[in-house]
């Protein structure tokens, strides 16, 4: 056991020596939390609108006023019919409202049934265009429909703060980055430098050596978890109504899983560069794209939904959402917890088997 | 009197509070095999790095092949060869590819590189291994190859930083034969080592301790001066007084 | 110049000699382009809806049947009051609660009260998209109801023309973004990794004592990756064309020239970071930090316009932000270089800055 303690000490010294990496590892979660908590938002709340006005009338003036006053739009002024398309193309406006000369003439006095307003949308972002269309329709159709806009609200996330949504995602990402990547790289590094052999001939059992490598990263992750939870609670004002102990417990399990994943990568990679590329390409992107962190899993084609089941971050993020945002008790995340537990056991078993095979 | 190739005066390198090299002065003459000895941490690698233009001196001055180590580092690099204790060829390139790379780096023409490569491969008896990845060669072979590559462009001075670390006595022997051959051809050899038997092969030897040069002379004169039978004894006597080892 | 060729030859040989790298740089982009566009649709189907119908009129029934008919919604049923609807939402069955107030059909009348939509904000994207769909459905129904009471429907008075993406495929908006993510990862990570490998192995020492200048050395480290990234971009564009049917609205020249500037900037950044670190771990962590911020903050996934002022200001310091604007505008709208000169200029500035830093940060003599 004494040998084990000295190994842990060696690993901790390794990390402490590398001040820069440590600083990044400790600061990254905080910076990401604050940036994404306060900066990122998925909602569309600003559509730039320009107008083509061939003939000014009281009705046109009122319609433009309704556009300017709507928080959803920024009114960019009038343009000529000829420039309408180029101002969409250059990005000066996202939509151009083209009024007909007889806009606002009462229906009874009209001579034709042609539309009196045309909305030209830059539909390259189809999502913005679709939403914007109905807002603009409502605003243009007149007082009555404009006033009849439904009221919307977000439950559990009343200000629709994206932070709430991103926090679990950031946690899912950070622990994979720190635990899986750092452990794999530090083990492979010893393999590459040949120092692993020195360790393996020592009387300490190989399993303990690996464990010793993981402990410092586990401790670092604990510090990160504390930072994240404190920031989530006090800087972002997340309710964290659910069980805090549950959040910690689920996170610890996920950290162990990530460490096991790191060990697994280190058994298949024989060069640091390989380990890094496997981690970066096969873990960073799938965690961002397939875990439901940003893109809802339900939207994906069946086959990808199936694939996402094998991504641990998916279950972790799901569980965290329930605990941190919905405030459900720990019992409600039993399913996620058990799935993660099974995954951890499976990865551990696989990597230990590979590790032992290599020793023989 | 032969030409002085390396001349160093009061050369000093400090890292913060730590003085790695402390006001050393010496001269190396053309065609000499100059042994640069010292315990680990005595400052010999730091001193050597300053001479090769890898590191700026904190104070003092020095010239290599007539060029100032402070101002003309890049010009010096054209005229020297260097082989470091950490093996310095590319593992993932073949023997031929490595030779061609260094031929190109030192501005040898295609034909010249080809000629020297063939001569080198024949001399080392490496012809059959010319398309082998360097990474899969045995250490001794790598070291001999690295030395040959470091002298491929026929430099006036070649710096060897513990070139024989970790190889068997036979290969060390062969390695030193290569060094003698190069010196006989007029190349000045500046070599650091901690094998004391190797010190016996040098024309002159300097021994560093605590960043200072404690002794500098021919091996025979040093043994006389310290009343020792071997260079090993000389070294032990000096090392015993050293504070940092 | 000759030395540059010698060093390039070395880099390219080393790249192909690696068992793993060439496969990765070919397979990874293809996988990303084949898989991720299916994920980034930003369309949700089967948003679970519970209706609290307080109106119980023909108008409200029309709205309910519209909800039931839509692919986007799956109508779970009606609830007698908000609280029992909330229970369904808390159980995770429903995503949206629609409350139709009494007097819903009387849009012009004084006593009209607005529909209210409550969404589960836990999965914010689904909640927000579901809310938008519901908003559209309610507005459309209201416009129809209003139209029936008047000789002309105000909704018919408005014609909508969706330019550049008439079929409204969100995928088309994301495909250029995915290309950018690929270019960030390959163009940034690979050169950094490549340089720091030489540092860890100590082979860089041998270069440092040689007369090789820092410009040719740095260029030899960068150029192979410029070629790789542009090749990857070309493959990605072919996939976009033949798998997804997305053609470049603008000129391919405009895409390539912006891409050259961008990859110059990214690889310069990678090499600068590697120059300042001594271990692979350090390099990679610094790169991860940049890449995560680049991917999440430069408008690739979430719009820059909806960020607060100060955050938008930060995005101006991120090279990908300009590249995102250029790629989307040229790819989808056919915007010209002349119209985007500011973005090109900014990218050029970053390329110059980072590549200069990459050369300067490399110190042969310490």
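A, B and C label the chains in the order they appear, each numbered from 1.
One rule holds for everything that comes next: contacts are C-beta pairs under 8 Å (C-beta built on N, C-alpha and C of every residue); 3 or more make two chains touch, one makes a residue touch a chain.
Since the model is a prediction, treat every value here as computed from it, not as a measurement.
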item: Category of the chain touch graph - line, ring, star, complete, other; value: line
item: Chain pair with the higher count of C-beta pairs in contact (B-C, A-C); value: A-C
item: Between subunit B and subunit C, centroid-to-centroid distance (C-alpha), Å; value: 55
item: Approximate Å spacing (C-alpha centroids) for the pair subunit A, subunit C; value: 12
item: Numbers and ranges of subunit C residues touching at least 2 other chains; value: 18
item: Of all residues in subunit B, those that touch subunit C in their complex; value: 52-56, 73-74, 77-78, 80, 82, 84, 86-93, 97, 100-102, 104-107, 133, 159
item: Of all residues in subunit C, those that touch subunit B in their complex; value: 2-3, 5-7, 9-10, 13-14, 17-18, 201-203, 205-213, 364-366
item: Touching residues on subunit C, where the partner in the complex is subunit A; value: 18, 20-21, 24, 28, 32, 35-36, 38-46, 86, 89-90, 107-108, 112, 114-129, 131-132, 134-136, 138-140, 142-143, 146, 150-152, 154-166, 168-170, 172-173, 181, 185, 189, 193, 197, 200, 277, 279-282, 284-286, 288-289, 291-293, 295-297, 301-303, 305-308, 310-311, 314, 325, 328-329, 332-335, 339-340
item: Contact footprint of subunit C on subunit A as seen in their complex; value: 18, 20-21, 24-25, 28, 31-32, 35-36, 38-46, 85-86, 88-91, 107-108, 110, 113, 115-131, 133-134, 136-138, 140-142, 144-145, 147-158, 160, 162, 164-165, 173, 177, 181-182, 185-186, 189, 271-274, 276-277, 280-281, 284-285, 288-290, 292, 294-296, 298-301, 304, 321-322, 325-326
